[in-house]
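Both of the next two complexes hold subunit A, though its partner changes from subunit B to subunit C.
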Partner chain A sequence: MNEQHLKIFVDSATHYFKHLSNEPAAVQVPYLIDHDESLIYDYTGVIGIAGLYKGNVYFSAPEGMMRYLLTTQGENKHTPEHCLDVVGEIANTLAGNARRELGSEFLISVPFKIAGKPDMMLLAKKSRSYAIPIQWRFYMAVLVVSVEE
Partner chain B sequence: MIKLLIVDDSNIIRRKIERSVSVAGLTIVGTAANGVEAVKMFKQHTPDLVTMDLTMPEMDGLEAVTALLALKSDTRILVVSALADKTTAIEAIRRGARGFLCKPFTDKELNDALVELLEFDVR
Partner chain C sequence: MKTSTAHARSGLSKYRTIVVSIALFIVFDLGVLVMNFYISSQITKDAIGVNLAGRQRMLSQRTAKTLLQLQNATQNSGDVEKPLEELRKTFNLFDGTLRSFNEGGQAVGGDGKPVILERVDDPAGRAAIEKAFAVWTPYREKLQPVLTGDVPARVAALPDVVSYALANNVQILDQMNFLTTALEHMASAKADRLRLIQVGGITLALMNFFVILFHFIRQLRESDAMAEAARRETQDILESVSEGLMLLDRDLKIGDQYSRSLETIFNRQNFGGCSFPEMLREVVPEKIYKEASDYLDILFKEHVNIKLVASLNPLGKVHAYFDYGQQSKYLAFQFSRVHNKDRKLFHLLVTVKDITAQVMLENELEQSQKQAEEKVNMMLGILHVEPPVLREFLDRADRSLREVNDTLKRYGSKRRARDDQYGQVLQDIFPIVHTLKGEAALLELALFVDKAHAFEDTISELRGRANVSGDDLLSLTVKLDKLMSDVQAVREMVERITSLKETFDPAPATTEAASVKLPKVASVAPAPLLASDEFQRLAQKLADDQGKQVSLAAHGFETLALVGEAAATLRDALVQLVRNAVVHGIEVPQERTRAGKAAAGTVRLHAKAAADGYEIICHDDGRGLDAERLRAAALKSGRWSAEELSGWDEHRLRGLVFESGLSTAEAVTTAAGRGVGMDVVKRKVEALGGHLAFATQPGHYCAWRITLPGVLGLDQLGFKAA
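Up next, the complex of A and B:
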C-alpha cells in the first residue's frame, strides 16, 4: 500500500462531501494505529480487500455528521436506518472508485455497514494501519486504511 | 404521461430521486429495494423509464436489467451506481441499459441524465 493508493481512498471520501454539499471536507494529519486500537464512531461503512493485498478500509462517522448529510440532501427523516444508508453510500463510493482506480491487484468486496460501536475492528496485524481524520463542517470522521501484502 | 420506476436498496437514494425528479411529463409510479421487487413493480406498472442501482440484495441490478428488458424490450434504463468502473458500465450497456449515472449525483445531473434518456429514441 503506497501513498498513491491511500490518496485514492482519501480523494473518494472528500469527493463525496464536495459533490453533495459543495463544501469540501478537510483532511487532517494522518497517523498510524496498531491492530488492537479501536477507532470508531457511531456509523461505519466497511469494504474488504482481497487479492495481492488483504485487509479492509472503513469510514466511520458520528451520528451528527450523518444527520447533517441527510439534511443537506433534503431528507427530513433521520432514523438510524437513514444514517446507516448514508454511511453505506460513502462506502459504496469508496468501493466504486477503488475498483476503478486500483486495478486487478485489489479485489474489492461489496460494502457492509455497522451501527454502533463494536469492541474492535479487525485490522491488519503485520503492519500498522493508517487513520486519516476527515473534518466536514463541525464534525470529525475517520477513514482507516488497513491493508497488508 | 411517462412512467418512472426507481430501484435502489438505499432508502435515502430512493427518496432523493423521488424529490429530485423535475422532468416535465414524468410521473413516479413506484419504488423497489431490489431486483425481485423491481420485477414485481414492473409487471404492475409497466414503466417507460427505470433508474437502476447495481449492488442490491436478492437480485442485483445487472440481473434486473436483463429481467426487465425481457418483459418489455423498449424500456429505457438508467443505471445509477457508485460502481463507476468501465467494465461494469460496459456490462450494463451490453445488457441493454441506455445510460449510466455515477453516485453521488446532484439534482441537475439526475435530471439531465433522465432527459438524455428520454431523447435517446428521438436522436
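Up next, the complex of A and C:
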C-alpha cells in the first residue's frame, strides 16, 4: 500500500464532508497501529479488500458526528439506523472511489456497517495499519487502512 | 473447404432434381391442356355436326311436308309462293349440309351463320351419307323442275316428286338418324379420349407431384438432420468453449449465436441484438470505451490490414468492472474478420478471455521477484555486521521508530488547536530519525542510512513549506511503515542466518551462542557498543566520502559501567560527536598541509572514571569552531538579523552549535547539512543526567567533554532475589 493508494481513501473521505456540508474535513497527523490495537468509534463503515492486497478499510466516527451530519442534511431523526445509513454512505463512497481509482490488485467488496464498538477489528497481522484521524467541526473520526500483500 | 465444396455440389444436385421435376410437371400439365384444347375443339365441331345432322332429319321431313303443302295449294289454287319458298330454303339447307358432311366444307349453322363441317370419315357415318345420297340424288333431280321450272313444269313434276318423297322420306330420315348417331358416337369417343388423356395427364402430374413431394421431404429431412447436426455441433462448441465468442455486424450489434462463457464473463444474459459498444461502456472506463469504438470502426474498413492494427487494440488487456463495480476482472479481447462468399467483410468475430487469474499471477510473480531482490540486497547489506551487534541495532531502531510513531500518535489523537502543530511534530521526530541514521552509518548499513536520509529529506521539505496539512504528513507515515517493515525483515533475516549458521556450525553453548539465542540477555549485557573498531570504520567512511584522511583512537571505554539504554544513548551521542569531528572539524588534506598540519587528521575518544562519575572526551585536531562560519549560518537561517548577530561575541556565537536546524555544511549529504547534531548530543547527554561542554581553538582543535554521573543503567540488569 503506497501513499498514492492511501490518498485515494483519504481524499474520498474528506471530499464526502466537503460535498455534503461545504465544510472540509481536516486530516490530522496519521500514524500506525498494530493489529492488537483497537481504534473504533460508535459507527463504522467497512470495505473489504481482496486480490493481491488483502485486508479492510474502515471509517469510524462518534455518534455526535453522525448526528451532526444528519442535521446538516436536514434530517431530524437521529436513530441508530439513520446514523448507520450515514456511515454506510461514507463507506460506499470509499468503495466507489477505490474501485474507480485503484488498480486490479484491489478487489473491493460490498461495504458493511457496524453500530457499537466491537472488542477488536480484524486488522492486518503481518504489517501495521494506517490510522488517519479526520477532524470535522469538533469531531474526530478515523480512517483505518489495514491492508497487507 | 472440402465440406463447402461437397455442400455446393449437393446444392446443385438438389436444384437439378427440382428443376427436372417441375419441368416434367409443367410438361404434363401443358400436354393435358393442349390435348384438352384440341379435343375440346374437336368435340365442339362434332357437336355442330351432331346438331346439323339432327337438323337434316328435321329438314328431310320438312321437305316432304312442304311438298305436300305445295301440291295441295296447286290443286286448290291456293298460294303456292310461300310453300315454294319454304321448299327452296329447306332444299338448299338440306342439300348444302349433306354435301358438307360428304366432302367437308362450309354449311349454314343453326343460327344462320356459316360453319365449317369436316368430312365425315367414320364408316357408319360414311355409310349413312352414301345411302342418303343414293336416295337424295334422284329426289333432288325430281325436285329441280318444282323449284326452278315454270308453273306448268312444276305442276307436271309435282305428282312424281310427291310420290317419290312419300316413298323415300322415311329412308332419308333413317339415314340422317344414323348419321346423327354416328356423329354422336364419334363425339362421345373423343370425349372419352379426352377424359382418358386428362386422367392420364393428371395421374402423371400427380405421380410427379408425389415424386417431388417424396424427394423433397426426404431431402428436407436430410437437410434438417444435417442442419440439426451442424447446429448441435455449433451449440456444443458454444456451450463448452471457455472463451466468450460472438459475432458483430456492421452496426456492431451482437449476433444471436454466442458462447455460454460470454454470459459467465459478463455476468449477464441475452446478448443477441445488443450493441457491443454499449455493453462495453458499462464495464470499462470511458476512455477505453472511446478508443475501442474508434478501433472497431477501423476494423470494418476493409483496406486496413488487421494484423498491422492489432497492436492498437485497446481491449487487448483491459480492466473491466461488473455489477456496478462490485466485481472487477481483467479481460482480453481479440477481433477477427469474417468474410462472405463474395469476399466482402461480413462480420467481426470477437473472442473474449477472462485473464484475471493470469494477470494476478503475473503481478504476484513480479511482486515476489521484487521482494526476493529486495531481500537479497538487504542480506548483502547486513552480512558484514555481526548478528549480536545487528540485533542490538535493530532493537534500538525499533525503539526509535516506535518513538516516532508514538509522537505521531500523540499529535494525531489531538484535535487541531494550533497551526504550528505540524511543525512541532516534525521538530520532535527529526532528531530521532537523525540519530537512527547515525547509528546505521556507524554499522555501515546503507539500507537504513538511505531510508533514514530519505525520511529526513521529507521532514526537511515539509519544514520548508509555509503551510503543512495533516495529509502532507501521510508520506512520513508511509516511510515510517516501510522503515519498520525493513527492520522487521532484517530481523527475520538475521534469525534465519543465525539459524543456518547454527545448523552448519553447531558450536558448544558458549557465551556468544547463548547471547545469540537469548536476545534479551544481549540487550542488557554490556555489549561492545563502544568498540573502537566501529567508530574507526564510521570515521573512515565519513572521511572517504568527504575526501579526507583521518585516524581515530579510542581508549578507556572498558572502564565504563554502562548497559542497556544508557549505553545506547551515550553511543548515539558519541556517534554524533565523531561525525561532527570528521565532517566539520577535520580539514581536507590540502588545507591541513597549508596550515602546517599532517595530511591525516586525528580524532581521539577518551573515557575515564572521574570522582563523581565518568568523563568522556572527543578531541579532533581540525579547524575548531569558527565563530564567523556560525554567524554566517545563523544569518542564512533567517532566524536572526545581521544587526542582531553583529552584537554577539564569540562565546555566544559558538553556542549556536546547539541550535537545531543550523548547519555550517555547504550541502545536505547523508553525513551532514541538516543542522541537527549537537543539539541532539546535548539532549542525550542531559537525558543521562550529564553535561556537555566544549573547548576549541580555531585552526587547531575542538574538544567535547561529556561528564556523566555515577553508575548508569545498572538498574536495568533485572536482578532477582537469590
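The rule is short, and it goes like this: the second predicted complex is superposed on the first by the 149 of 149 C-alpha atoms of A that agree within 3 Å, B and C clash if a C-alpha of one lies under 4 Å from a C-alpha of the other, contacts with A are read in each partner's own complex, and residues count from 1 in each chain.
What we mean here is this: a residue touches a chain if its C-beta (ideal position, glycine included) is under 8 Å from a C-beta of that chain, and two chains touch if they have at least 3 such contacts.
Since the model is a prediction, treat every value here as computed from it, not as a measurement.
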item	value
First, second, both or neither for A:16, with subunit B first and subunit C second	first
First (subunit B), second (subunit C), both or neither touched by A:100	both
When both partners are placed on the shared chain, which of subunit B and subunit C touches more of subunit A	C
Partner chain in contact with A:75 - subunit B first, subunit C second, else both or neither	first
Partner chain(s) touched by A:138 [first = subunit B, second = subunit C, both, neither]	second
Touched partner set for A:92, first subunit B, second subunit C, both or neither	first
Residues of subunit A at both interfaces, subunit B in one complex, subunit C in the other	95-96, 99-100, 110
Of subunit B, residues touching subunit A in the complex	10-13, 15-16, 19, 55, 81-86, 88, 102-106
Contact footprint of subunit C on subunit A as seen in their complex	2-3, 6-7, 10, 14, 26-33, 51-52, 95-96, 99-100, 103-105, 107-110, 127-128, 130-133, 135, 138, 140, 149
Subunit A residues within the subunit B interface of the complex	16, 19-20, 70, 73-75, 77, 81-82, 85-86, 88-89, 92-93, 95-97, 99-100, 110-111
Touching residues on subunit C, where the partner in the complex is subunit A	319, 321, 325-328, 330, 356, 359-360, 363-364, 367, 405, 408-409, 411-416, 421-422, 425, 469-471, 473-478, 480-481, 484-485
